[in-house]
Amino acid sequence: MTSKVYANAVAALFDLRDGISLMSGGFGLCGIPENSIQEIRRQGIKNIHAISNNIGNSGRGLAWLLKQKQISAATCSYVGGNPDLEEQMLAGEVQVTLVPQGTFSERIRAAGMGIRGFYTPAGYGTLVAEGKEERVFDVPCILELPLGADFAIIKAERGDRFGNLWFKETARNFSPLMAMAARVTIVEVEQLVELGEIEPENVHVPGVFVQRIYQGVDYENAIEIPMYAEQ
Amino acid sequence: MSDNLPLWSKTEMVDEVVAMLDHGASLNLGIGIPTLIAERIPPDKEIWIHSENGVLGVSGRPTRETVSPTLINAGKETISVRKGASYFDSATSFGMIRGGHIDVCVLGGMQVDAEGSLANWMIPGKKVTGMGGAMDLVHGAKMIIVMLTHFSKDGDAKLLHRCTLPLTGKRVVHKVVTDCGIFTPMGDSFRIEKLAPGITYDQLGLPLKMWTRSLFQDGSEPWENTTD
Amino acid sequence: MTSKVYANAVAALFDLRDGISLMSGGFGLCGIPENSIQEIRRQGIKNIHAISNNIGNSGRGLAWLLKQKQISAATCSYVGGNPDLEEQMLAGEVQVTLVPQGTFSERIRAAGMGIRGFYTPAGYGTLVAEGKEERVFDVPCILELPLGADFAIIKAERGDRFGNLWFKETARNFSPLMAMAARVTIVEVEQLVELGEIEPENVHVPGVFVQRIYQGVDYENAIEIPMYAEQ
Amino acid sequence: MSDNLPLWSKTEMVDEVVAMLDHGASLNLGIGIPTLIAERIPPDKEIWIHSENGVLGVSGRPTRETVSPTLINAGKETISVRKGASYFDSATSFGMIRGGHIDVCVLGGMQVDAEGSLANWMIPGKKVTGMGGAMDLVHGAKMIIVMLTHFSKDGDAKLLHRCTLPLTGKRVVHKVVTDCGIFTPMGDSFRIEKLAPGITYDQLGLPLKMWTRSLFQDGSEPWENTTD
């Protein structure tokens, strides 16, 4: 094994290419891999199948790639608040597959955990169930299949050279699941720490799920909808 | 049609939902009106608010000093948390819902029908937003409450015999709170649990056979609140 | 809600009865709920369906209940090292269902997470597959169903009054899954701590999965097979 | 039959497996002989050992001062861990295996056959131990290695055309390491990758058609190690 640690986004994302499927962690703009997204924007690779809950928001995050027409297919649960995606979806430039968010999470976990299919009640009796096998357990369910990807780009608060990760607050969201589900998982961190600095019990993603890691820079950590208590 | 009715305000609707919550309950709040619930829970009522992006123990809003870009709710708004809060990944978060561990889930809606089906994610031919977590949230919580205004801007009732918009979930709703009252889907009709003061059943916008009376526990009848 | 905190095992296990299904955390003797098991032994309830990886080991843990003939059915993955179970199994006194350990874990998780069934390759082509639906995805799989229980008894290192839990080292094993899967989850802890003492990011089991919690006493924490480095 | 053969010792078998491991590899070790592997990995080789009870980064044995009752491997033996270790629940632990994230899994066995099927959990009519994690461990790791003595106590070869004992997994084994050599299941025969010095193919206990020769990368043939 060569080391998992790379100098920066340019070094870590050396083998992306047109047509890849790409998972990106984050909920809205919370916990998104800013450096990796900017590097993909710089590379200009095309025909990306993006798998991410929102595919960017408010013109930022993966919307940077949308603006450059780098994304041709998107699997996500929510497109509201993302005018770039809505526009390109209606224009037929991006093929969007909407997946209920819990099913989206569980399908990604299934890919990572080697589960080949599962039954869930979510979506039963709706458009989501069309074309899917239905089966009645205690409640009627539909069969859903794993959702994996060629690459995952992930942002964590802390990570070590083996790839053990720790996330802050609600920045965790889909990232641990995507780290498990992609063939190559590339992580950027706020802090690259020494082995053992993340307490073994508190590792959120064991390093075996991570292939590459680098220290990120210049984080914007944008707040989408700031709301404050009246003081 | 609703212009001159003595409707409940949003705050009154929210307070009706808050009154349904038991001390110690866990609660998921959908985006939109339900979000206001977090701010109307009295301090002596311990409610554990879940947001499906991966947090249990939402308490309200941060100050400008405590605000954190990594601490948001499912509406992507900044929040704060109470002592005893926890964070987790999205699969665990939806498992909490799907597995029946959350007591109450409150969602917004476009239409609800007497069968308990909900439509709240799509109007064919109009803007598409995606279902987000709604299709999962309607399965699993012990009580699913839908909050919505009783009438559309065109004056059509949103409580129907059968939804006409694409469904979010089929036979999933337990209670409906509108600005006219509180209703329980019964299959072919709604049972009226409570009406806003001054509202009568014939103002509810659907034929009489759609409504069923029910007695309150104290023996009073909701009709007594009305001019019927 | 009345408080989740109970004074001790006697108070917390007030409503157990003959014939319940009972999950018990722990791997071998590591992480077992010693106080709850002793209280069930004291109560003498019968016809328990025990769901636990080993159903005790070396005459301890759930084997205390076996000795008193309190267990009539067992679902587990491994009976080696448990002479009480082997003996009663061969005598037909305990009906044993053996489940591959990964399937055992995943079935318990499925019960907790509301997944109604899943496909796994484990057990395909073996006795375990008999009577189960087979389906070929990328590999041949069998359909497995959720495994829940009336009660779960769990031991954690730390827990607070809402039921947030934290486990030490490999004592975690099946316990978080069982906490999710049982109708009533009863936890005993080495340390009952204040709300907030477990860092929110490091909570292993969010309190919503726990119904009752109490401070345990007199832990034996037995080591089954001590092995030491040559010094 | 094996009494006078120049068989590999357990340590030699273990060292053959260790030689197959790449620096940085992740490795699950079954109970029994495979456990010894943890103690024969050279210090300059970074191997991440997984034990399915929920730990990644097993390093060896504790001292009497550092031993902890809550830190054990799947064989229920006390262990210690290296820096960078992590603990997790059993569902995640088996997901690591099933999901293909562990490079190599080494198990003990009772029988292996030319199709790559393994039997290691049950002898009908004899003592039952249960399959434990074995049925999961044989699915998912990039390389499944089975270690077993080549002959039973009765002198019967344990490498067969088809297993006669109940299977642990069907068509799952990539390499077999016995005290006679290293073998690859090829469907109807085993390819001989290496033989212990002095062992000949006709001592392997099955008809000639069960064995296929293969060239090593350096051009030498395994037969040259033998007296055949």
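Order as written gives the chain letters A, B, C and D; numbering starts at 1 within each chain.
The rule we apply is simple: a residue touches a chain if its C-beta (ideal position, glycine included) is under 8 Å from a C-beta of that chain, and two chains touch if they have at least 3 such contacts.
None of these values were measured; they are calculated from a predicted model.
Shared contact partners of subunit A and subunit D are C. Just to note, of A-B and B-C, the chains joined by more C-beta pairs in contact are A-B. One finds 33 Å separating the Cα centroids of subunit A and subunit C. Between subunit B and subunit D the centroid-to-centroid distance comes to 57 Å (mean Cα coordinates, whole Å). Note: centroid distance subunit A to subunit B, computed from Cα atoms, is 29 Å. Spacing of subunit B relative to subunit C, judged by their CA centroids, is 36 angstrom.
Residue positions of subunit D touching 2 or more other chains, listed in rising order: 87-88, 91, 94-95, 97-98, 139-140.
Of all residues in subunit C, those touching 2 or more other chains are 106, 109, 113-115, 120-121, 139, 167-169, 172, 200-201, 204, listed in ascending order. Under the contact rule defined at the top, the touching pairs of chains are A-B, A-C, A-D, B-C, C-D. Put simply, subunit A touches subunit C in their complex at residues 106, 110, 113-121, 135, 137-139, 141, 145, 166-169, 172, 199-202, 204.
Across the complex, subunit D meets subunit A through its residues 22-26, 46, 48, 50, 56-57, 81-88, 91-92, 94-102, 139-140. If you check the complex, the residues on subunit C that touch subunit D are 27-31, 53, 57, 76-81, 86, 89, 98, 100-106, 108-109, 120-128, 139, 157, 167-177, 204, 221-229, 231.
Of all residues in subunit A, those touching subunit D in their complex are 1-2, 109, 111-115, 160-162, 164, 180, 194-196, 198, 200-201, 203, 206-209.
Listed in rising order, the residues of subunit B touching subunit A in the complex are 51-55, 60-64, 67-80, 87-91, 93-95, 97-98, 117, 122, 127-140, 166-171.
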